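In the two complexes below, chain A is the common chain; its partner is chain B in one and chain C in the other.
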Partner chain A sequence: MNEIVFFINKGITSGLIIGSIYALGAIGVTLIFGILRFAHFAHGDMMTLGAFVTLILTAALASLGIVLPLPLAFIAMFPAMAITACLAIGLDRVFYKPLRQAGARPVVLVMASVGVTLMLQGLIRLFAGVRSRDMFIEAPKEIFRIPFPGASRPLIITEPQVLLIVFTFVAVIVLHWFLTRSRLGKAMRAVSDNPELARITGINTNHVVWATWIIGGALACAAGTLLSMDVTLKPDLSFNILLPIFAATIVGGIGQPYGAIAGGFLVGFSETLAVFNWAILLRPIKDHLWFEVPANLALVPTQYKLMVPFLILIIVLIYRPTGIFKGRVL
Partner chain B sequence: MSEQNQYSIMRDVVLFTGLAMLVAFIFLSQGTVYSLRMMVEAGCYAIIALGLTIQWGYAGLFNVGVMGFIAAGAASSMLISFPQNPEFWNSAGPALVGIFIVKLIACGVALWAASKSPRWGVGPILRALLIVVAIAISYVVLSEHMDEMSKEIEQASGWIGGLGLPVIVGWLVAGVVAGVIAWFVGKICLGLRSDYLAIATLGIAQIIKHFLKNADWLTRGTLTVSPLPWPVQTPADGEFIMARASYLTVVAIAMVIIYLLLQRAYHAPWGRMMRAIRDNETAAASMGKDVNRRRLEIFVLGCVLMGFGGAILIHFASIYDPSGFIDLNHTFLVWVMVILGGSGNNRGAIFGAVFVYIVWVMSEPLALWLFSLIGTYGQAWTGWEPPSDLASRALQMRVFVIGLTITLVLRFAPQGVLPEQQARH
Partner chain C sequence: MSLLDIRELHAGYGVMSILKGINMSLEAGEIGVIVGPNGAGKSTTLKAIFGMLNITEGSISFDGTDITGIRSEQLAEHRIAFVPQEHNVFPTLSVHENLEMGAYVRRDDFSSVMDHVYDIFPPLKDKRNQPAGELSGGQRQMVAFGRALMIEPKLILLDEPTAGLSPMFMSQIFDRVIAINRTGVTVAMVEQNAKQALAIAHKGFVLAGGCNSFTDTGQNLLNNPEVAASFLGG
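Up next is the complex of A and B:
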């Protein structure tokens, strides 16, 4: 039974965690891709930026001596989400909107977003240094050990992990409600499907663009904060997390928020299960097997973890460029 | 037309004279040895920038994986030209590598046969099944062999060593290897919109770097390989100026040849067709041009130049270190060179490369000086305690400036300082 507990701890839980992070990031990327029609390369650094805003607010709260039942960083995350959303709108106003209005090709916008990502990277590291930081300023993070029937080892899940899963669940429901019930959400879907037609029917494109950046920025901030609460806040996140998020976006179909969620979990689980050592599960039944169980039976060595999202991306681009949810091929 | 042309020739003359004066100033103020090094590196960057400018300027392809192609080129050139490792050749290593190559070819043939199986009357579902089975078997066979081989080689001889061939051969092979990788990436992504190419090249660059860092048996991984051979006298004898000047000559000759060939191609029907595809894909396709094939051509050609230039760059540094390949230095710096110099203009790429590289090198001491100044005065006047890692933070300022330059140029001078000159008839 210990093997199953190990599998749940190392395979299922971490897949769920990293999948939630990718899903939160990919929702923003897919909305921006669908509505503004370019791959937003600055999303990874927007996540780091959001996490730093949270860190500053947490430090401020901690210095006031406030004690709450939830981790301070989680509470500080909500105002930080609002701030990051405003920053995202500001970035759009200064860097992307003039290009859009000048009628630049989409690829020029992609380049501009690469420029923005470098600027954010430089600024963050200039002011915060390059070392990694702990988001838990006031108290160490709580770890829950749940006994599993028949096993000597408990299931392990930490407080930020529980918060992450709950937050993702709530965010997905709220997003669903927003996109299907509210006027603005419907307008966003309309612009994503057919921008010309949407404009003719009198939809205010500016509001749609704002809503896109608010959702994208807020969720990027949440993803960055929750990821750095789970591990630590590292300023060099950007390009390493960008590839899985883009893979999730394209797997799910561009412009499809539900696809992005599914794609995020797909990529997250493939990553963790590919580097999981399956020999551990086979060891208890090794006497009944006709072959000898090797010491390491992972599909992909851990150092090549990045290969997994890339291969998923390549396979999708070859066989189904629309993604599983029939997004657009731009 | 003539008026337009005269104007831009004037601009060329002014800018290049200014650049020559800047270079002369550097030579006078920094000393010949140092400036020669800078000029060689700038020349290598110019070759890489030429590769990027044909992808972006002639065909509008967005490649953010320049670093990967440079790394692939540098590693293959190192393997070709580094002296042989006798321990490896006396061990079981060569046989293992040989068997690996045979297995690789066999797997490739099996995969190709599976994907072409409809020729022999196989249905689409069976074909998909065959492909999946072929991939799975190849993966298991190859990865198992690779594990065993790398362990064996690392124990017996450390790494496989080079082939000891002339450096020029190594450089040419570097271009070929980068081109082959580019062919695979381009084949998959070029039928789709350019954003996909950007994402895929970003990924492939990270993966190449990861592979080179971890493949201890092939490239010694992070242990680094040095000294890399030069095609001319190395400075080991103490003749720094002579050695670097002759290296600079080699780089300059390579650059001029590449420039002349590219100029010729630009004005040839092939170049005209490329620009037609870039400017109006639909119209070009309706004239019977095979858009994806042409794009693949130019993508591969550009990456060949990147691999070649990258190999020259790393050979000059004389140390092969996979951790030294950085997105900022080897991808985005090249981008700044291309868009600042003027995309689609080969002279612009060369101007941009030399100018930006000089500014880049000079900015390091400048940033350090500026920040130590801020640190000292900040402490003296306001009692602010500067963080201990101020020096490493100061260098991050350059990341910001690179990003700012990209966005500003895109917005206010999308043509660059030397715009593309389109002949109008």
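Up next is the complex of A and C:
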């Protein structure tokens, strides 16, 4: 039974956690691609930026001596999401909008977003240094140990992990409602479908662009904050997650928000299950097996985890270039 | 004063000039039909009216206001609607959502207009929750037409509404154009089926090489031997 507990802790929970982070990031990337037609490489650093905004607000709350039933960082995340959304609109105003208006080709915008990435990384290091920080300023994070029947070890999940899963679930439902029920959400889908016809129809493209950055920026901030709460906040937080997020976007189907969610979890679970040591699950039945169970039976060594999204990406691009949800082909 | 008045319009794509002096006017309540060979600049003329091109010379006025070079987004508020020749529906949106998007600029209750559109195009009612991209060409044309009607336009621009439709469907679409026109909507329509279209037109415009070569009533154009010989296939 302990083996199953281990599998749930290391395989299922981890997959769910990292999958949620990827999904939250990929939704933004896919919406930005659908509406503005370029791959936003600065998205990872928007996550770091959002997490730092949260950290500043958390420190402010903590210095006021406020104590709440939920972690302060989680509470501070909501105003930080609003601030990051505004910053995202600001970045668009200053860096991307002038290019769009000059009729720049998408690849130029991609390059501009690489520039924004470097700029944000520089700014964050300039003001915050390079050390890693704990998002739990007021009290250590709570860890839930849930006894599992028949096992001596408990299921382990931390408070930020629970908050992340709940937040992602709620965010997906709200996003679905927004895209299918609200006037602006439908207009976003219309612009993503056919921007020229959307203009002909009288849809205000500026509002749609703002909505895109608001959703993308807010969810990036949430993903960055919740990931930093799960581990720690480092200025290079974005570095290891940008690639899997892009893989999730493409695997799900570019421009497809539901695809981004599915792609996020697919990439997240593939990663954790690929590095999971399957030998542990085989050990209890090793007497009935015809082969010797090795000590470590992971598909991929942990150091090579980043290979997994690449591999999924290549397979998808070869066999189903439109992704799971029939998105655009690059 | 004419509802739509186009004077000496010169326009093109970027630096490439296509229209070289188009003159066109429509009175309120008329059907105007634009015919001409492929590449004559018919679609380009509609796009120029709809603010999608570089206008280098000339003017367009609508209902007494100058709308030359106005942005497409703003024309819906002037109650001008446009159904382009291609890509004229939102493929992943349902039929119903396509119609709702047609009414995007409206802040009032448009449910009666929606019902009216479903009455004009009954096949759409059964397909209302299906993505428009999954419909047949004729049904898609109906969605595009219906979408444009949602603002209750004063002027509707139609670019080849019968392209690719069977003869029976074609006459159905023409019947709808006449019916909509009877409710007071001015129609400017580009058509390849020149004879049938000119037959229902109050005014006809023959374009060739980016200019008007003939302008007259629909009937007179049909009877004009020169027009018949060069543009109507004898």
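We take it that the second predicted complex is superposed on the first by the 329 of 330 C-alpha atoms of A that agree within 3 Å, B and C clash if a C-alpha of one lies under 4 Å from a C-alpha of the other, contacts with A are read in each partner's own complex, and residues count from 1 in each chain.
FYI, a residue touches a chain if its C-beta (ideal position, glycine included) is under 8 Å from a C-beta of that chain, and two chains touch if they have at least 3 such contacts.
Keep in mind that what you see is a predicted model, and the values were worked out from it rather than measured.
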Please work out whether A:Leu123 is in contact with chain B alone, chain C alone, both, or neither, and reply first, second, both or neither. first
Look at A:Asn240 in the shared chain and tell me whether it touches chain B only, chain C only, both, or neither; answer first, second, both or neither. first
Return first, second, both or neither, reflecting whether A:Arg189 touches chain B, chain C, both chains, or no partner chain. second
If you stack the two complexes on chain A, which partner ends up touching A:Ala112: first (chain B), second (chain C), both, or neither? first
Between chain B and chain C, whom does A:Pro147 touch in the aligned arrangement: first, second, both, or neither? neither
Once chain A of both complexes is superposed, is A:Pro284 in touch with chain B (first), chain C (second), both, or neither? neither
If you tally the residues of chain A touched by each partner, is the higher count for chain B or for chain C? B
For the complex, which residues does chain B have touching chain A? 60, 62, 64, 188-189, 192-196, 198-200, 202-204, 206-207, 210-211, 214, 327-328, 332, 335, 339, 387, 389, 392-394, 396-407, 410-411, 414
If we count contacts the way the header does, which residues on chain A are in touch with chain C in the complex? 183, 186-187, 189-190, 192-194, 196-205
Mind listing the chain C positions that touch chain A in their complex? 50, 52, 71-77, 82, 84, 87-93, 97, 100-102, 104-105, 147, 151
Spell out the part of chain A that touches chain B in their complex, as residue ranges. 33, 38-39, 41, 95, 98-99, 104-108, 110-112, 114-123, 125-127, 129-131, 239-240, 242-243, 246, 250, 301, 303-304, 306-307, 309-310, 313-314, 317-318, 321, 329-330
